[in-house]
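You will see two complexes here that share chain A, one where it goes with chain B and one where it goes with chain C.
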Partner chain A sequence: MTAAQHSVGPVVSQRVAFETPFCFASGARLPRWELVYETYGELNAAKSNAVLICHALSGHHHVAGWYADDPKNIGWWDNIVGPGKPIDTDRFFVVGVNNLGGCHGSTGPSSINPETGHPWGADFPVVTVPDWVRAQALLADHLGIEQWAAVIGGSLGGMQALQWSIDLPARVRHAVVIAAAPKLTAENIAFNDVARQAILTDPDFHGGHYYRHGVRPVRGLRLARMLGHITYLSDDQMAEKFGRRRRQDAARFSFDVEFEVESYLHYQGDKFARWFDANTYLLMTRALDYFDPAEPYGGDLAAALAQARAGFLVVSFSTDWRFAPSRSREIVSALMKTKKDVSYVEIQSRHGHDSFLIADPYYHSVVAGYLAHVKT
Partner chain B sequence: MTAAQHSVGPVVSQRVAFETPFCFASGARLPRWELVYETYGELNAAKSNAVLICHALSGHHHVAGWYADDPKNIGWWDNIVGPGKPIDTDRFFVVGVNNLGGCHGSTGPSSINPETGHPWGADFPVVTVPDWVRAQALLADHLGIEQWAAVIGGSLGGMQALQWSIDLPARVRHAVVIAAAPKLTAENIAFNDVARQAILTDPDFHGGHYYRHGVRPVRGLRLARMLGHITYLSDDQMAEKFGRRRRQDAARFSFDVEFEVESYLHYQGDKFARWFDANTYLLMTRALDYFDPAEPYGGDLAAALAQARAGFLVVSFSTDWRFAPSRSREIVSALMKTKKDVSYVEIQSRHGHDSFLIADPYYHSVVAGYLAHVKT
Partner chain C sequence: MTHAQRRPDFDVIASWMKCGETVLDLGCGDGSLLVLLKERGISGWGVERDPGLVLAAVENGVNVIQSDLEEGLAGFEDDAFDHVILSRTLQTMHHTQQILAEMLRVGREAVVSFPNFAFWKNRLAVLGGRMPVSEDLPYQWYDTPNVRFFTLLDFETLCTEMGFVIRERRVLDEQGELIEDEPNFLGSLAVYRLGRG
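Then we have the complex of A and B:
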């Protein structure tokens, strides 16, 4: 069997426009808004086999497959979503969506603010994880999906799965929460803050209205992504991948790229800064900072999760220091305290936080095994 | 006894000009160069009681005491250096020096390049830890000190103490190596790289020649320092100090300062950016990247340390994740392998890498106890 046979194949993005206002947690509102999404597999007659994939900081709706006119543009989680894959499109109707505030087609900072006739820029409402859950629920309504068989995500995506289980318990049968945390630590927020300050203080940011100046804050976005990459990889993995190796062509005794790790970070930063929107980066990191589903329950995560009716699979990775296994265990402890059905697996992995994107056989077998028992 | 009685009191910085060229490891040379330094206590007749304090990234020669015309400007390690203190100026003649490339008076990037008549800027030679050791040895010659009773430093300062013991073994009786590492990891270099890129890509950097443009790359320097602070503190300490607390006056749902940890980082970044020189920051971080005393010995740290004749005190701190206790243990293992006289203490501390600057009673008693047995 070839890789193509395991793929959902060519896919087409879809778009839905909502003509009723969206009200954010902040009190802001969008009079009219759109979401782009993709679907893989077939919705069954009972509409009971739908799975929602929630994306993380730099993700989007293009989860699996490729575009007929751009065959190299393969979905970001294609290794786990497809026919016969752990999130099996032969059984499930899988939905990927670009979140509100994103930069891949859903209404976001580069969309036109109807009040000004210009892009929203940094005036786009600050969006929270509960906001995204409500927007995704309206997409579910549009698709005729009353209840998701599963809501699945890694990192910030896992946080959305957790929030779904608390805010709309009747609409989620299973939540798969991978490489997540119940809320950010001060150190997590601090890293986000440095990334945001890099963007906000870039002279090309223009208060978030760079679109009209014909520039983009690429310097700040590049720094933000370089810093992000340090927190996505494990110390061990960096040591193994780069160590203290120098580039053979490097000038010595200068501030140019000399160590391999510098070359890697610059490449990643440059690549990201070319295509990602800085205002979206600000929104995504702030949503992370604000995420704290226990807050409305007096800080008691178990009380928050007592709302849930879903079964849970919680997965962490041994070398993830952005959201370490101990953070997943906080979620598991709270779920056990309130007697929920929860499976927890800590995967031995060298790939740090990024492990959730890697096709590790044991990790994939855990997800496949859990979903095999999800009734459709 | 009052705090003033424990202080070395008012001090005066001194300056020495060297009229013979300084040759850097890179091959560059300075035809004429100066060091600023301070001394505390009295050099005994045998000149056998001299202690050198080496500074870290943002340190300088003003280690203890204050200036008569600026009594609030207290030395950066005043809590450990003074009469009756662990580094006891009643017994020792203590020398603090601003390293070459610094921004506190020694020849550095803001000094005039005699070839151009303008400040060196980013053309100042890239300086290494072995370069600093040789420069400090010339200062010792100037002071008539043939052998240091001890060379002491924390972080990058500890690395200098280690390098002294290897490069000039006859001139060091004891090396006190605190919160250091035998070389940087890929992750350590990666953090330095992001900090440097923040400075190098600041439009006010002007290729390092900002002096002549009447500006300073304060944005980049601020980001570099903010990032540094994350690595200086422990996750636990940040959680305890800031947690997820919000400023009471903060606007919600914005990118302004809202969490206390953001306020702290901005304050630290702004303060540092006002007084520190960006070119010096670049040099200091590059010296850290390059530090690897084992490299000339085929990567064998024990072979490098076999050169040493000093006794060693190695100190690490439990919550230091910049240079973790495991990094100090690498040094200790190499010293033991080559049968050197070494004491090692891991201090339980909540203050992360910054612990070496904190007046923890146990830490101070360890340093005091070790130095009490140093013959003068």
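Then we have the complex of A and C:
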């Protein structure tokens, strides 16, 4: 079995423009806005086999396959989406979308504000998870999809799946919520704050209007990503991957890169800062901070999830400390309290929070096993 | 857990559940009982620790929550279920009293089945100097998942001590046939319906 045999193959991104204003939870509005998306597989005649993939902090619409003119640019969740794969494109019509506020083609801070003729920058509205769900629902309308067979996501993507099930219960038959949490802890928010402060205090940030100065707050974004990256890995995995290994045998008594883990983090930070937009990073982390679907229900998650009509698969990973298994169990307890159909699997994995992106056979079998019972 | 074998206790358990009731099946294995109950209109959730069995239950299309029963049922609300089932699992658990108390906390009724160590063949094996291996105790001493060996009388004594009411009892032989007389001698597998006292 080669990767190519189970790939959706070359894909083409699509774009939809909405000419009616989008109203954010904050009260802000976008007069006109666009979403980029990709689809894999065929929508059946009844339009009942559609699956939405929601992306996490740095994800986007390019979920699977590759581009004919850029074959190395493989979708971020290609290992799970494709023909014969757990999210099987022979059965499902799979939709990937770049969220509002993103930096991969959907309207976001780097898009032009029609009122000023300049990029939105810091003036782009702060976006919330419920905002994304409403925007995705308008994409579903555009595609003629009344009800998703499943909404699936990991991390911040899983939170969107959860929000879908609460806000638009009639439009979701199944929600697959992976490596997520019902809301962030103070510690989670604290990490996000440090990441944002790194960006906000970069001299090249220019109050979020760096585009017009022809610079980017690369140093701040790099630090933000380095910090974030530490929270995606597990202690075990870092110990195994780097330990205390140095690039040279002896200490050089300097502050240069000496330990392998430093080298790795610098590389990851540099790579990310080259292509990601700092304003989008601010928006995505804020959306995480604000996420709390129980808030409109007096803080009662079970009351929020009582709205849901979907069946749920909740998955967590043993070494994930960003959104630990106990956070997923909070979701499961709330679902049990209102007698929802739910399965919960806690997967042994060394890869920390990033486990949801790893092609672990057991994890993939669980997702495949669950989706096999999703009627199309 | 003998999930692959024929489960005569399932029929007894299913006969005690009514359509529309809710069930929590502790140590649900591959979810076979939940599949049977689902066909009869009884909605259920299983709890299972073993990753392979959790996957099998997911593949069988039933609700399964991966959790270790030895840690209790902390995530479950009081009075959440009509029935809480522990089928052929009690003998594999260390925290015997804790799980029984937890069952009658989250459920109105507890259903417990277990192999009877006092079954005559088991007694005969021990008299002959060997640990019993039978239909309902199918393991060798060195590979058994069972950690508690007890009899109908032992269990009923514990129920009394814990203040539980035994509402019904069915005792089966190795063929799954109902035993009426001398159950602690002729019965290989016992199924109890318990309530709070």
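Following the convention adopted for this analysis, the second predicted complex is superposed on the first by the 372 of 376 C-alpha atoms of A that agree within 3 Å, B and C clash if a C-alpha of one lies under 4 Å from a C-alpha of the other, contacts with A are read in each partner's own complex, and residues count from 1 in each chain.
Throughout what follows, a contact is a pair of C-beta atoms (placed from the backbone, for glycine too) under 8 Å apart; a residue touches a chain by one contact, two chains touch by 3 or more.
What you see is a predicted model; the values in this text were computed from it and never measured.
Asks: Looking at the overlay, what does A:L43 touch: chain B (first), chain C (second), both, or neither?
Replies: After superposition on chain A, A:L43 lies in contact with neither partner.
Asks: Let me test your reading of the model: by the given contact rule, A:A137 touches which partner, first (chain B), second (chain C), both or neither?
Replies: After superposing on A, A:A137 lies clear of both chain B and chain C.
Asks: I'd like to know which partner A:S343 touches here: chain B for first, chain C for second, both or neither.
Replies: So A:S343 only meets chain C here.
Asks: Which partner does A:F242 reach: the first (chain B), the second (chain C), both, or neither?
Replies: first
Asks: Is A:I358 touching the first partner chain B, the second partner chain C, both, or neither of them?
Replies: neither
Asks: When the two structures are laid over each other on chain A, which of chain B and chain C touches more residues of chain A?
Replies: Of chain B and chain C, B contacts more residues of chain A.
Asks: For A:A306 in the superposed arrangement: first (chain B), second (chain C), both or neither?
Replies: A:A306 sits against neither chain B nor chain C.
Asks: Quick check: in the complex, which residue numbers of chain C touch chain A?
Replies: 22, 43, 45, 51, 54-55, 57-59, 61-67, 75-77, 80
Asks: Within their complex, state which residues of chain A touch chain C.
Replies: Residue list for chain A touching chain C: 313, 329, 332-333, 336-337, 339, 341-348, 362, 365-366, 369-370, 372-373.
Asks: Which stretch or stretches of chain B touch chain A in the complex?
Replies: 24-28, 122, 125-126, 183-187, 189-191, 193-194, 196-198, 200-203, 219, 222-223, 226-227, 229-230, 233, 235, 238-239, 241-244, 252-255, 258-262, 265-266, 269, 282, 286, 289, 292
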